[in-house]
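So, here come the structures, one by one.
Here chain A shows up in two complexes: once beside chain B, once beside chain C.
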Partner chain A sequence: MISAQNTIRPRPHTTYRSFVEAHIRQSIAQCYQCGKCTAGCPVAYTMELTPRRVIRALQLGLENELENSSTMWICLSCLTCSARCPREINIAGVMEALRLATIGKKPTPDQKKFRLFHDLFIMSFQFSGRAYELGLGMAYNVMSGQFLNMASIIPGMLRRGKLAFLPHKSRGSETQHIFQRLEGQNKAMNQAEAGTK
Partner chain B sequence: MARVGVFICHCGTNISGAVDVARVVEAAQKMPMVVIASDNKYTCSEPGQASIRQAIVSNKLNRVVIAACSPRMHEPTFRKAVSAAGLNPYLLEIANIREQCSWVHSHDREKATAKAIELVKMAVAKVIRHEPLYPREVPVTKRALVIGGGITGIQAALDIANAGHEVVLLEQEPSIGGRMAQLDKTFPTLDCSACILTPKMVDVANHPKIRLLTYAEIKEVRGFVGNFKVEITQKARKVDYSKCTGCGTCWQKCPEKTPSEFDLGLGKRPSIYIPFAQAVPTKPVIDTDSCRYIKYRQWLAAGEQGKKPPECRICEKICPTGSIAWDQEPQTITEEFGAIVVATGFQVYDHRHYEEYGGGAYPDVISGMQLERLMNASGPTGGEIVRPSDGTHPKTVAFVCCVGSRDQAKGRTYCSKVCCMYTAKHAIMLKEHDPDVQCYIFYIDVRTGGKDYEEFYLRTLDDAGAIYIKGRPSKIYRDGKKMIVLGEDALMGRPIELAADLVVLATGMEPRTGADKLAQKLNISYNTYHFLVEAHPKLRPVETQTDGIFVAGACVGPRDIPESVAQGSAAAAKVAGLFSSDTLVTDPITSVVNRERCTGCLLCVAICPYKAIDCETTRDTRVVAVVNESLCKGCGLCVGACRPKAIDLRGFTSQQILEEVNSLWS
Partner chain C sequence: MIETARYAYYPGCCSKASAKEYTATTRLVCKALGIELEESPDWICCGASSAHSIDRILGIALPAHELLYAGRMKLDLVASCALCFSRLKIAAAELKDDDVRKRVGEVLGQEIPGNPDYRVMHILQVLEKHLDRIHLEKPLKGLSVACYYGCLLGRPKEVAFDDAENPQVMDRVVAALGGEPVEWGFKAECCGGSHVFTRPDIVSKLSHRLLYQAKQAGADCLAVVCPVCHSNLDAMQKSIGKEYKEEVDLPAFYITQLVGLAAGLPPRKLMFEKLFVDPMRLLRAKGLA
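What follows is the complex of A and B.
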């Protein structure tokens, strides 16, 4: 029954919630749902579940909605929400926690595109130390099967110098260090996990 | 022979900007009986007043007309000025040529001047017919009656008594303390309610200037400010308080148990009882509805019909002082007071009106006040919060705000103001009692206007982890052991179904039953909800339209404890102000009845909004109306209503008004 599925049956204590709260070291209950996060979010217009509603879903224990949501993958991590939250909740941190919580899970069709872009962005960054827009865009179009997506804007952007043919290599190797450090941490964590098992 | 002086004010340019004052002066000089007419830049200033005083003396004036601003503004000022020159202050007439002329006709100087001249002409015609009037002085009985022994009445009584005046504190229940005595903790500080209230109750009991009249009600109120005569009904306690020591043997031994009003039916009390342990006075009353022996006596009186009730009388047998007085009947006491403070407070809205919430049929759907009793260490469960149905500890608790508030369909459109806050308090307290409790609060808006209130509300989120659900539940029903609350989560835009162990309805405030009847006895107004009406909601918040009667606390509208206490003190300050002089001066502009013309129809008695007119029988056995000049406000309603034209208003007699009108055509 559709209506029965739509009805909320609150479950305030979920593993999602504990995971998120542990990650941001704050209680989600603090949110009084004013909506300022959504109001300031530059990409909220593309979201089905706006940032306020993500928090609300966490409060009410709506795990399905969270798992099927693309909000955390759409999130740009610009931190406007966190900076402006009157209750000082780290909403961007919530999004980060939700990405971590769902990254191992099979993406929904909706999430697939966002996840793909996300992965390609990180790859591009790892490769050149900076975002390589043209390469990223082409890779995304090829891998998502929409080859000419936004192709019409490329000539203009090239002409105005907004896109470069070749990637800029960043000076030094700070970004490489970040990735190396993360890898090291991951390894240590995996070993520790294996040890406890 | 009248000798009139006319003084016309420029009021800076307020009047002279639109009115040609010189022409008004010129015209006034030609009016009948006018001896002198002059103008002044500011008549109300000291030089202006001096010129009037001087003119009165040097021209032997016996009538004065001042053409200036509204009499509401400066009539008292000019009366004083006239009086200083030796003239009766009521031989003065004000022609309002500012508010009623220059300000409204600033665009047309010609017509404004013509109107000003006519206004002056009317005033001259009227003032010629003025008679000297003399204010009367009435003595003030420096004793106050405070109706209602809740926190507001207690505060008012203590403050009046500490100002040195005698107070009678009247309470209809067997003990003072009111609703605050029923509370467990108080927001936003979580002070124990009894700990801050009971010392004040004891102060009242021990104060040499305060007389406590509990278990008593107002029967009738007569008289006027400074001189009220109040009949009070002392209900039959069936206990002789002059003998009773309050030892407590009787209420411990009484075998009959009946639901306790104080615990809102959650606990039981004996038939001879004090409402709660810290009651003041700590002396019991016998509840004649449940007492076995009273029932037995009624059975005897009814001719021994039906089943014979037990002839108990245990309290009488064990009372060490022989205080039980079965034959005690209600008594009427008549007392005199100079002022009355009404502080009858509120009662909790009865949620049985909400059929959709079970209409009171579900034991696990309780009111906020009932939860207070459950939380209270001296409550029916000794402070253990349990479900009334099975005594188990609730883990999921749903709160429903605005029950009996903000609900037009239930005839309660107003916001009760305290429910948001006491619900927040309940959520915090429940979490403190049991960390496993999860509270859900259904609300429309969370209103936390008050010092430290918002911070307190945030504690329900931060400390108690309560979940606020925006939406008003539409139905509550039972499903097995759970209570199901159906609502909408407006923030998700989806229906919500909550299975709760306990549902607490945040019921609102309403005036005490009978507040309207009391208001009628006191001749003060009340609104559609039966809240009493203050003289001005902002500037005269504790006064009423009836002099000498003050209102304070939740009988005026929803109030929390700090506001109630502040209003109690405010009313006390007003009473102390009234009692600061031995006599009151009353305005002589009152109605007067011509007894020869009065036909005794008494239409005036019915129409008088101040209950100032009464009737009496003359020596030739005619019934005639008589005006109590201390109560009369000079509104003139009776003059208009009087068919034989037997009533006149001093200072505004029919003849004076006619002269005014006639002057326009002469």
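What follows is the complex of A and C.
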């Protein structure tokens, strides 16, 4: 797994707003709070901070509210919000930026399962090169405590030969090298940034 | 004799397990249409929805690995999975930025030539392009199909090849096969994606809505172009039906299975037995099996 301290994260003196705006290359000030993003979001019903309110929180600098919200992890990246925004703000890009910005923080209890899933998904191909569905599912169920997740379909998957028992390997171990070089690059960039402070 | 068309092909990780039938029928149909697919022996995962969520450069470098292969082969790159397609095409767009290209090149351990033009296509585009090659042995007459595109073919606009709200390309393919695409409003609504692990309640709610709306629109079946959508709509369909106390019984085909069926390929090779919702009764009723 790529360790959190080596991933790119906002430098301590920057705000979420400046990190997000740099990521989407747009200004959050453009948003006039019409709420079209929330209206079209298929998962807004289960968010404590809806997409419109996330943008408002960024405008107002409500850092704690943003950090403790699960909105960016509930976001499915379906991009309906971005496609419909009358101000053409890439709202799904805002959610992506908030995931990246908070990845170095300790997850809240609700954020934990989403972070666990993504970490395990990455692990499932980091060494073999290709994602390993059965391993991912078993590891996720055990580590999240949701033991019976998808239990109803597993016999059917097995009967239809739709689960591979062993991971499928890519020729060469390119992913391992990619992760090693990425860690090196991120470390160097974080050090360079620390040096210029 | 039709000229052979050649593409680099990215099968994606689901091709080895949960979406075997999609890859197998993609190959089968392409072969029948005289389309050659060149698979890289060392393709790696595109990172799906996880890589770009934890590291920006990782989310570009993983699909870029495959773009470089297609570039070396001087071929357009085709993906059958909508998510792989999206990640590959987003990476191709991101590589136009000099700083991103330099960093990704470092991570991949090879220099990426400036001004790259990596062309990425989804299998739907390839099928539409070569529609005239399909010899209709068994037109899908009387089969009402709800074409389900999912989130990623019409959005974001930088990589989309169809309308964000009312995409049409699959409808045109189904119509060309002699089938009847139904009008419905949920073609590009989300199925819940990988939340089937983390928040299965979300997948149930969203996929139930899709199945219900397709049925309301008068569809006999769904046509799907993404392994994750497919597993949510097909494999999970029974448990979703139980949860919402109504049986849906809506077979969900991969589009390539429908093309193969119309082209008269032998049904046992189209792997209908891999589907959770058995389509045989429907196909027999329509005189297609």
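By our rule, the second predicted complex is superposed on the first by the 134 of 197 C-alpha atoms of A that agree within 3 Å, B and C clash if a C-alpha of one lies under 4 Å from a C-alpha of the other, contacts with A are read in each partner's own complex, and residues count from 1 in each chain.
Methods note: a contact is a pair of C-beta atoms (placed from the backbone, for glycine too) under 8 Å apart; a residue touches a chain by one contact, two chains touch by 3 or more.
The shown structure was predicted, so the numbers you read here are calculated from the model rather than taken from an experiment.
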{"item": "Between chain B and chain C, more extensive residue contact with chain A", "value": "C"}
{"item": "Partner chain(s) touched by A:Arg181 [first = chain B, second = chain C, both, neither]", "value": "second"}
{"item": "First, second, both or neither for A:Cys78, with chain B first and chain C second", "value": "second"}
{"item": "Which of chain B and chain C A:Leu100 touches, first, second, both or neither", "value": "second"}
{"item": "Chain B versus chain C as contact partner of A:Gln59, first or second or both or neither", "value": "first"}
{"item": "Contacts of A:Phe121 with chain B and chain C, given as first, second, both or neither", "value": "second"}
{"item": "Touched partner set for A:Leu163, first chain B, second chain C, both or neither", "value": "second"}
{"item": "Chain B versus chain C as contact partner of A:Ala131, first or second or both or neither", "value": "second"}
{"item": "Doubly contacted chain A residues - partners chain C and chain B", "value": "7-8"}
{"item": "Touch list for chain B against partner chain A, complex", "value": "438, 440, 446, 458, 461-462, 465-470, 489, 491-492, 494-499"}
{"item": "For the chain A and chain C complex, residues of the former touching the latter", "value": "2, 7-8, 23, 42-43, 46, 74, 76-80, 82-84, 90, 92, 96, 99-100, 103, 113-114, 117-119, 121-122, 125, 129-134, 136-137, 140, 144, 149-150, 152-153, 156-157, 160-164, 168, 170-172, 174-175, 177-179, 181-182, 185-186"}
{"item": "Touching residues (chain side chain C, partner chain A) in the complex", "value": "13-14, 16-20, 41-45, 47-58, 61-62, 65, 103, 106-109, 151-152, 154-157, 164-165, 188-190, 192-200, 202, 206, 235-236, 238-239, 273-274, 276"}
{"item": "Chain B-touching residues of chain A, taken from the complex the two chains share", "value": "3, 6-10, 12-13, 27, 29-33, 52-53, 56-57, 59-60, 62, 87"}
